[in-house]
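Take a look at the structures listed below.
Shared chain: subunit A. Partners: subunit B in the first complex, subunit C in the second.
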Partner chain A sequence: MDLTKDAYGALEDIVGPENISQDLAVRETYNQVWGNKLVFDEKWSTRPAAIVMPGSTGEVQAIVRACNRYRISFKPFSSGFEIMSTALASENAIILDLKRMDRILDIDVKNMHALVEPYVSVYRLEMELAKHGLYIGTISAGPEAGVIASHCCHFGSGTTQVYAGGLGRNVLGCEWVLPTGEILRMGSAEACNDWYSADGPGFSLRGILRGHSGANGGHGVITKCSAKLYHWYGPPEWELKGSPPALKRLDKVPDGFKAFGATFDTRDDAYDALREVGQAAIGFSVWMLIGGEMCEGNDEFWEMFQKMDPAEMQRLAQSLLVVIGANSAREMEYREKCLRKIVDKWRGHFLPQLNDPMYLALRSAVMLWSIGTVRETFRPCGEFFITPCTDATEDMIKHQNTAMLEGIMPYVHKGAIMQPGASPFHLPYENYSVGSHIESIFMFDPYDDNSLQGVREWTAETFDPKGKFGKFGVPCLGGGLQIEPVSHVVQNWGPLYDNYDVWLTKIKDALDPNNLGDWSAYVPPVFP
Partner chain B sequence: MAIEEYEHDSLRCTRCSFCKWIPWESMRHPDFMQGCPSASRYNFHAYAAGGKFNLALSLMKGRIDYTEGFSDAVFRCQMDGSCDVSCKAVQEIEPLQNMQELRIRCVQDGQGNPSHMLVIEGLKKEDNMMQAKKADRGKWAEGIPVKDLTREKAKVLYHVGCRYSFDEELWPTARAGLSLLMKAGVDVGIMGRDEACCGGRAYEMGYLGELIKFAEHNREVFKAAGVTTLVTPCSDGYQTFKVLYDKVGQKLDIEVLHITEYIHRLIREGTIKFTQKVPLTITYHDPCHLGRLAEPWVHWKGKEVKVLGQMIIHDPPKKYRRGANGVYDIPREILRSIPGLRLIEMYRIRESAWCCGAGGGVKEAYPDFAIWTGAERLKEAEAVGAKAIVSACPWCTRNFIDTVKETGRKMDVYDIVELVSQAV
Partner chain C sequence: MSDNNALEDIVGTGNVLDGIDILREYSSDLSFVPSRRPRCVAKPSTADEVQGIVKWANETMTPLVPVSSGPPHFRGDTIPAMGGSVIIDLSRMKKIIRIDPINWVVMVEPGVTFGELQPELEKAGLSTYTPLCPRGSKSVALSMLEREPITIPAHHWDALDPFLCAEIIFGTGDKLRSGEAAGPDSIEDQWKIGKAQMVPFGLGQFDESRLISGAQGTIGIITWATVKCRPSSTRTRTFLISSETIEPLLDLSYRLIRVRLGETCFIVNDLKFASLLGKNQEEIRELRAALPRWILVVTLEGYGPLPEGKVEYQEADFRDMLKQAGNLRHLQNVLSFSEDDITKLLTKPSDEPYWKLRYKGGFSDIFFLNTLDNSPAFIGAMHTLAHSRRFPSEDIGVYIQPIVQGTSCHLEFDLFYDATDSTQTERAQSLVTEGAYDLANMGAFFSRPYGTWAKIAYSRAAETNILQRKVKKIFDPNNVLNPGRLCF
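Here is the complex of A and B:
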């Protein structure tokens, strides 16, 4: 549907004619994103009534106020690259594309935090921070992932969380335009205009800001975020060489870092070693291999895959890659010694093929900066999905992994989905071993009926609280939880976990009395 | 081909927005990460290659019709192929081909760009893209005692193209290129006023028929002239003769070389020797049509098959054009061999180079956008400390000269041929 003339005029007055469009064709480029076929059974989700591009917090606030005045729903996003990112619960809704808000506002080197706007990507910030010897934790969603999206708005994990912790924990303040149009600054930003703490005075709002899986734009617009930074042991700049870009690599593991590949006799041993790397606080980035190798294209991958020994692939799937960093030779020596002891304890080996310097240089680049790009997840079959996706204790994760492998294999064997390795994607979640994280990634073709059906069945199995996977915890994939085929997850699981569904709806209602923050990837104030 | 041929690709576009940036593996500086001028300048997703997939899919499914926003997004684009490189670093879909077919569909449906239509009218009447008189085409070479291939025979045809033929400010470069060949003893000739457009720029504007018409004409003319090699100082022309003619089934049966390739050959043979110092600190701008767009066309026939359950592969294996096999090293080797010249690289180079701004009919239809894009490139040249920017294409050179004039930036602009001439 179109906006009324008055409503459009009000929004146009705020951002200027260049930064708003209700052209039908332009709107049609804001309702097509991966995952739509799985969720909506077609490429398109609801077409927004207009696209608005604010350039400042003031403009965002004015837009939200206008939305309240004209009763228009709104949904903000930065890159817009996520399942459900373009989904709208109502046709009477606009999308706020935050592309113009792309400034790195401050890098506080001494106090180790950076203040950014929504369209600042993780990799861009990392390049800027490296000049100062600083680093920000990455999400395994590729280099274009937004700092604010990953820290404040959405659920995600990454290989460097063993070093930099969970991204939600690194929020040191944010500026938040609530669905009413009020501006909320959390913590010290409000108290003293400094951005070093997101907590207090009074109750911390960090849990409400993001919870576990993020509100995905459902409770307002985060216009600034201060993120905690960590030491960067590497050089101030770097260059990957080669051609084409898919084959570019570092010519060595960067100075300040060392990388190792450790292979274990069993998957459980690998998990135990992984946990201890976290406990010892020596890792900068850890990754459990998933069997796939990066290649120029699918044909090249297939050619390589056919030559691989299945036994060798299984061993790779029981291997860890660990990058350690240090400021001094002595510190490096200590960390390497710890790592070797851990590997030794769990009967691991440093196989030559996983410890070839060029191989480690290739792997270290993605482990430091950008794991999980489109190449690994979308290119093979078209799309990917993750389920189960759980945070739990290490032992629980091990059990879930075993059960998951048994559960998913029928779908692999009947050709519905592809899982190139024998093991799911598995990361230790925090740097203190307070828990672990599992993401079972698999690839599928949403435009293949057999594949789509298989994914839906598998998803239903893992999302059923009364099913065999139920005992392993709430499905924690952010977004998409209210829409078929994964409907009513919050309602189904809430009663099993302290009625969190009730709390969520109460929070939504309190923050958004007019229910204008689009809830399609969050919760509605009242379940339909 | 047609947009329908790319429906599968449109469905598989994930909205990752990699098309807006250079590949992350190529990023060197946080201020110079963007790859798509159109998406950078106009912001809305429709202007990116991903948005064009959306537009094409929705158009073919009847969800939308042509609108002002549709046309604006389709034609405010240099068709420079940066999106294609970035997309294919991670995917196996064809954004640039989809965009090309979308333009062709627009033209077929009477929805071409009005400014382009004027240019095409001129092309149809006068065989050139410059809205100039055909009779004036050979004037750039007046006074040079070179063979006229309409009457004489030579092994090498020197084809300067529309821009060099009618842009008087650039004539010295066109003449210098010819002089270099003649002084090196190359058996070279020109077509003079009978030289015709290559058709490449018209094709980028969406006029497939013009490309085929000129391809057929030029094939015949080149055959009649008996030349064995075509040398051009125009990167657009080079890509058209080498790649596009092959793409539309009109592959030339003569060798096609850009003048940098020929000069490089002459340097290696010792025919061209540098004796003069050229004390400049320069940076080299990779023209899109000499770089990522100049990869040979890949004719693949086969089928998609699935392995490992759902992984899509090709039988026989398909080699994608990912931008790596353009002409990148040769111009750099020439420049590095010029005494006194210091070459500094920009942050976005080779297949990840930022466009000069002139391509795809933007210079003709949206001159302000062309200047904006050129200015972004000059900022990058300044950032690395270059005093001059050197290209190997008259369209780039023209747009950089215009950008310097309009913005007041302090940057000298050269074509590589000019520097070679100074050095011999």
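Here is the complex of A and C:
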């Protein structure tokens, strides 16, 4: 649907004619993203009424106020990785493309935080921070993944979570244009114009900013974020080879780091080792190997996949890749000894093919920076999906993984789903002090009816709160990684999970009385 | 009183107290917050009883003031701000429900104190994270929920660490288990499938625990909490690095925390450190005379796969850092206190009387957040403020605790005074109340605003105030939980 002339004019007055469009072709480009076919059974999701590109917090605020005046829904958009970024609950909605807000506003080297606008990507910030010996954790969604998207609004996990934390735990402050148009600067930013703490005075409003997942724009627009930073052991600059979509290669593991691949006889041993590697506080980047080998191209991957013994592939999937960083030779020696002791305890082996220097260099690039792992998951079949997916202890992950493998294998065997080597994306958080993250990733062809039907059946199984996955946690990390009007995860699972849906809808209602922040990947004040 | 009968129906006869002496105990503390007598004290022993009391309070519109720690109290948050309040004293809820030595998590009820928990954890080879030498009667769960800083900044990933999950009774009387603890199963059934209630990330798209953190009991009451632990150290080296000026120690702290070398890391002035060690005024004076002006306390602890190796490499790296830092002195001992004595001091709650009361019998704290590099300016300002109010600046203890892995710090000034001397008391009060305004004007962030600081903090946080009121209305619409605190 089109905006009224008055509404369009009001928005145009805010951003200027060059930063607003209701051209059909432009609008269509903002509703096509991978995943639409699975969720909406179309290549498209709801077409926005217009695209608006604000250049400042003031413009965002003015747009939100205009939306309240004209009763138009709005949704912010930055890196736009998944369906949550473009889906809309109503056609009477605009998308705020934040690409003009792309500044790294400050890097406080001493106090280890950076203040950024929404279009700053994790990868870009990583490159800038390395010059100062600093670092921000990887997000495995690729180099364009946004700092604000992953920290405040959506979700983002990566292999360096063991060292550099993740999710909302790295938010030290943010500037938030609320759905009513007020601007909140959290914590010390409001109290004293400094961005080192988002908590207080009193209770922490981070509690309504996000939980396991973010609100995906459902409760306003985050225009600045102060992100916690970490020490970088590596060089200030380095040369990566290859152009996208080729893997960016390193010739060697960068100075300051060592990498190892340890393979275990059983999955449980591997998981126990992963916990202890986390607890030993030695890892910079830790990851259960996804499905065997890594290849440059799709054909090469397919050839390898065809040749590979399934048992060997399964065995390799019980491998732990560990990148260790250290500040001194002594520290490196200690950390390496710890790793070897843990691997030995859990009967692991350092297989030659996983410890070849070139292989480790290749893996290190992906495990150190936000280059992303998505190419491995998109290429074989076209798309991927993740379910089940949770954060938990290694002990619960073992239980859940058993149930997952039992459940998914029939779909693998009938060719609906591809899962080379059983490929969960599995990583510890913060030296395992808050558990681990696991995503059961599988690949499928969205334009193959058999494949699509298989994925939908499997998703229905894992999304059934009364089914065998009901006890392992709310799917899609609390429901934030799904389209609520389609999957109804919050609505269906909330009553079994301490009625959290009730509180969430009340929060939405309190923040957004006109229900204009698009709730398709959040919640409405009242479920329709 | 008939309403007390209703409370007795909930918590049992004998657990509702309204004797005059008891009420007097709960009507004031050692802060400058005005005293007010509660109506009675209810002592529940289960979550259901807590829930019953909160529901009753909503029906009768009775203010509730939750109290978890034992006396003495120092911050005024447990004193009723409204007449007719009922104290919910959670000290009967003392179960250490579960110690998980594999995942390094312990589940405790709110009445469990540091004095009670640490010996039990030691049996399992674990140790609790603590604030600096807490009083033995301090509630473990509430200390962490109130964002008391712990002494190990490298392990302090998030402001809420080491707090993980909790069972919360909101002001509405509704119960919710936060993070990983929510779900269709009982906690016991969750353990059977390997859950340990250790994943704190909020349910869905909000984070329940953050809404009750630093809330002074105004949003919800917890009936159990899980908190992170760490392995007990099998070999600890404690270093006291001294300097006559604070700046080199701040620089060294930055370097240590950035690379996460060692565990305990904080800076204190001579008086603060002497107060921690000394048993009485005389001994504190003696110790202080022997101490340099500023001390950085660092521990290197042995645990994990190679405990000895960990301490050895860290000590070597630390010594290299010290060399590079230049003119810093490593104190081997302080008078008769050896390195081992100081190590022990840092791993257990305070002996009685509480260490802050030993120097002059009374004290008052001013604490706030900022960044380490701004500490010298605040220390200078504090001395100027003290001078202007004729409070002896030599009676001020200073404690700088880096938090959230060095991204900010807790800066604390202890004003030691003789509480029986009205002049000294008035001067300390003036400094704590009015002086805080001046510090806030300099940029001090009163993240945990107790007593009169709430007015200071919220006058600089208008939008936070508005939003917090909206949130409060969701979780405690009748404002029965600790009304009059924060901005409520």
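FYI, the second predicted complex is superposed on the first by the 496 of 528 C-alpha atoms of A that agree within 3 Å, B and C clash if a C-alpha of one lies under 4 Å from a C-alpha of the other, contacts with A are read in each partner's own complex, and residues count from 1 in each chain.
What we mean here is this: contacts are C-beta pairs under 8 Å (C-beta built on N, C-alpha and C of every residue); 3 or more make two chains touch, one makes a residue touch a chain.
Everything quoted here is computed from the prediction, not taken from an experiment.
Partners subunit B and subunit C, once the complexes are superposed on subunit A, both fit on it without clashing. With both structures placed on the common chain, the touch criterion links A:E144 to subunit B but leaves subunit C unconnected. Looking at the shared chain after the overlay, A:S213 reaches subunit C, while subunit B stays out of its contact range. Touch criterion met: A:W44 reaches subunit B, while subunit C stays clear of it. Once the two complexes are laid over each other on the shared chain, residue contacts for A:S451 go to subunit B alone; subunit C is not touched. Once chain A of one complex is fitted onto chain A of the other, the partner contacts of A:D106 are absent, as it touches neither subunit B nor subunit C. Between the C-alpha centres of subunit B and subunit C, as viewed from that of subunit A after superposition on chain A, lies an angle of 140 degrees, to the nearest 10. Taking subunit A as the reference chain, the count of touched residues is higher for C when subunit B and subunit C are set side by side. Shared-chain residue A:R375: touches subunit B; no touch with subunit C.
After superposing the two complexes on their shared chain, the closest approach between C-alpha atoms of subunit B and subunit C is 24 Å.
Note for the complex: subunit A touches subunit C at residues 108, 110-113, 165, 167-169, 172, 178, 182-188, 190-194, 196-215, 218, 228-231, 275-276, 279-281, 327-328, 330-331, 333-334, 337-338, 341-342, 345, 391-399, 430, 432-435, 465, 470-474, 477-480, 490, 494, 496-501, 503-504, 506-507, 510-511, 522-523. Taken in their complex, subunit B has these residues touching subunit A: 8, 11-18, 21, 23-30, 33, 43-46, 50-51, 53-55, 57-58, 63-70, 73, 85-86, 88-92, 306-314, 317-318, 320, 322-324, 350-352. On the subunit A side of its complex with subunit B, the touching residues are 19, 21, 23-26, 28-30, 32-34, 37, 43-44, 51, 53, 79-81, 85-86, 97, 99-100, 104, 123-125, 127-128, 142-144, 237, 239-240, 243-246, 248-249, 296-303, 305, 365, 369-370, 373-375, 378-383, 412, 415-418, 420, 443-445, 447-448, 451. Remark: subunit C residues 102-104, 147, 155, 157-162, 164, 174-177, 180, 182-185, 189-190, 193-196, 198-216, 218-219, 228, 254, 258-261, 304-306, 309-310, 313, 316-317, 320, 369-373, 404-408, 440, 443-449, 454, 457-458, 460-464, 466-468, 470-471, 473-475, 486-487 touch subunit A in the complex.
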